[in-house]
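As written, the chain order gives the labels A, B and C, with residue 1 at the start of each chain.
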Amino acid sequence: MRYLFCLIAAVSFAPASSIIAGTTEQVETAAESGKYTYVMFYRSNDDATQRMARAVQSHVAEVGDRTTWVTVNVHDRREAPLVKRFDASRIPLPAVFGVAPNGAVTGVFREKVNEEQLHMAILTPMYSDMVKGLQSQRIAVVCMMPDADAPIPTGVKALQQNPAFEGKLHQVRACASDSSEAEFFRRMHVDPDLDAPVVLVFAPPGTHVGTFEATVSGQELAQALHRSGKCNCSKCQRNRRAASGKR
Amino acid sequence: MPKEQTCGIWKALGTCWNEPGTGSRILDTKSVLTRLVMVSRTIEMVLGEGVPMSFHSLVWKEMRRRPVHSLTALLIVALGVSALVAVESVITSSEQNVASQMQQLGANILILPEGVTLQDYHAADAHGKSLPEEYVTRIMLAQLVGVEELAPKLSVPVEVGGASTMLTGILPRTEFYKKSAWQSVDLLTADLGESAVGRKHEGCGGRSCQIATADKTDIGSYATTRIVHELDMNAALIGADLAKSQHIKQGQTIQILGARLKVAGVLPATGTSDDGRVLAHLHRVQELADTGPIVNVIEVMGCCEEAAGGLVGELDELLPDARVVTIAHIVQTQVTVNRLMNQLSYVIFGILMLIGGASIASVMFANVAERKRELGTLMALGATPSMVSRLILMKASAVGLIGGICGMGLGLAAAFAIGPQLLGVATSVSLNAVIIGMIAALTVALVASYPPARKAAHLDPCLCFQDA
Amino acid sequence: MLRIESIHKDYPRGRSVVRALHPTSMTASKGELIAIVGPSGSGKSTLLSMIGGMLSPTSGRIVFEGKSLYEISVTQRSRLRNDQIGFLFQSFNLVPYLTAVENVQLPMTFYGSDRVSQRNEARRLLEEFGLAGRLDHKPTELSAGQQQRVALARTLAIRPNLILADEPTGNLDPESRDMVIRTLHDLCDEGRTTILVTHDETVSASAHRVLRIREGHTSAASPNRSCGAA
């Protein structure tokens, strides 16, 4: 891997046409090994590309155990699958995508990027799971649990059983006792020193619907979703239709 | 009305021809002139001969005797009124069209290639210049406050079933959802209060919900929202007029630029140029037309007018090579053009009314001079000077009124004919212009004929004698 | 019935004044037929116009049926003409775009409202004058004699007490001329007064009195013969 890293770092400063192919496989390999991949797309080896490559390279050098990076010239036909997957021919370049091991895109930065932004794109496993759910157009119901044995709040269970939300929810469960999720708790503004679970609900693409205590009922969660306007239950669909009809 | 008169009218109109077995005969061209004469005689019969003559019917009878005299004046008045009614009706329709666009369409900002001037919202993609499609992503990724939806478009000329039309590439909402979801983490951070990215505009509902609802997935909603939620790469949407003229139905497959596209739906009529277009996925259109990732225009739906105002500056900064205009600006341009046309139409109307007035005055003076002995005789027989002047004024009113009605008819016909052709708007009647035109025609006729009427009233009745 | 009191008429011409009619006085009784004779331009029509209430005299009065013609309003004078004075012209002065019956109906339409009876009356008069078959003919479709008969019918339509005729036989053939003279005498017999301007000696010879005018000067109306002896 170190060899690969050095090779990529070297070619990032070489003319674009000389950048090696096979990056699709590299992204897949990185994912399999649980690493984040920064995929940098570029058109030409101009100043902006070189600046961005240096920033990514520097960041990867710092957190090399968890990340890797690849560069992709959008004109390279061999990279077509990756270009197509990120629609890179239609985005402002250079741009770098943060891709979690589960395939979730955890950040996209165009033309310039800094260390902090790249750092923010590295998520905990549960956080990336939640983002994957949101990117699949589902409502993320995140249960922040004190420990692995704590039961899922009844309100969340009730919401899952609500036929109006069938197939529309993505449940994520993170434990305070799991040190790898500490960053997730911090970013969700939840104190890990929990007595009881805390429920957070998000709607795609990234709207915070609310943070609830463990005692929240299924009805309250449903109401919060209805109120937020991000709900897609039959009742909300009816209301929206009526509202658009009035307009 | 006596039965014989009624029948006379129907006969004249060609619907009561006394032929066995033919209740209503269709007019043939040969008899059109004959029928016109008959209609004229029937009117005369109704006004004058069928019932005992009245003082008023003298006017009609005299006009019938000398129709050419009044014709020039009548024609000028008619032209003036028709110019006013036609232009005003088109302007009214154009304004209604703009208003309805404002109301119906979400877009309030257009991003155009540099150097494109635009006066019609619906022609925003018909200038032949292009922008890179990456501008769309650039706007999206910039997470500008107040941007709710984006609608890039690329139009290329195509033939469908032998008919020339436009193939317009549009990007379904799902494409945007996919891209904006790349920023989920940023948005979450923003929503949880850590960053300024993805801020909502105060008073707006925030960015669009990314959950597909039934109202969003209805393909027909494009007609009003200009956005489709989902669109298959091999699907096409057909405008109402094109579907009608080419007999295209939903589910059918059509051949465009060598590809077979399945008609996913026929859009409801909007009264705009969209009715004659084929819509398909933008990327499919780019591929078929081999244009590369470009667009002709990007429509931006700001969450409200206020946000749209603020967005212009940010978009200008974000896309220095593009031209950013608000719909309000386009509307303003259109309103300015309309106002100019409006003023021009009144100037033309005024000039023609002046000429018409002068013509009426001249015709009436000549008429009075020609009828000296007749008018003198009327006075000798007991007509008062005011009766004589009333005869002249009534004739002038008839010229004004008939001219006004003819002008109104001509103007409306012209407006209905040229409105949709030239400006692409469905014409509706400008009641104001009709009323103003009619009142002005009548007033001008009366004012212009007042001096000759006065002259007639002061005629020496002794003119009726042989020695005079 | 008609009294003319020292009327004269001057017309201004530049800074000077031309006297068209020198002071004239006369009276006309009910049923009387008076002929005014004189060369062209002698003032015959001026006198006739003044008697008809259409030309105000420079001085003097004309009193008809107790009313001084030029001391009443224009409208009243028009109304009086329409009610009581009938005119007959040398060129008939029929309205060219009206039919015979409409021409006869014309004076009745100015003030009357019962148009059906007006039309019936017009028809009746035309039929009396032997024009039953010409009711809907325009003047151009009628002979001179027929036109004058229509004009006579129009004159009689208002049942006038005074008939003013300007060369009524000037454009007629002898037969039509006789018919017109006969009719005027018949009207005299009915008690209507007729004043006619004529060059025709035969016509003036049949009048009760003859007023001669030469260069605006009138000679006294001389008695001619008794009424109804035409």
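As a working rule, a residue touches a chain if its C-beta (ideal position, glycine included) is under 8 Å from a C-beta of that chain, and two chains touch if they have at least 3 such contacts.
Everything numeric here is computed off the predicted structure, so don't read it as measured data.
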| item | value |
| --- | --- |
| Central chain (distance from its CA mean to the mean of all protein CA atoms) | B |
| Furthest chain, CA centroid comparison against chain B | C |
| Chain B and chain C, separation of their C-alpha mean positions in angstrom | 64 |
| For chain A paired with chain B, centre-to-centre distance based on mean C-alpha positions, whole Å | 51 |
| Whole-Å gap between the CA centroids of chain A and chain C | 115 |
| For chain A, residues contacting two or more additional chains | none |
| Chain B-touching residues of chain C, taken from the complex the two chains share | 40-41, 44-46, 48-49, 52, 54-55, 74-75, 78-79, 81-83, 87, 89-91, 93, 95-99, 102, 105-107, 109-111, 115-116, 118-119, 136, 154, 158, 166-167, 170 |
| Contact footprint of chain B on chain A as seen in their complex | 87, 89-93, 97, 104-108, 110, 120-121, 123, 127, 131, 134-135, 137, 139, 168, 187-189, 202-208, 229-232, 236-237, 240-241, 244 |
| Touching residues on chain B, where the partner in the complex is chain A | 133-138, 141, 175, 177-194, 198, 205-207, 209-215, 293 |
| Partner chain C, residues of chain B touching it in the complex | 48-49, 51-55, 58, 61-62, 64-65, 373-374, 377-387, 460-462, 464-468 |
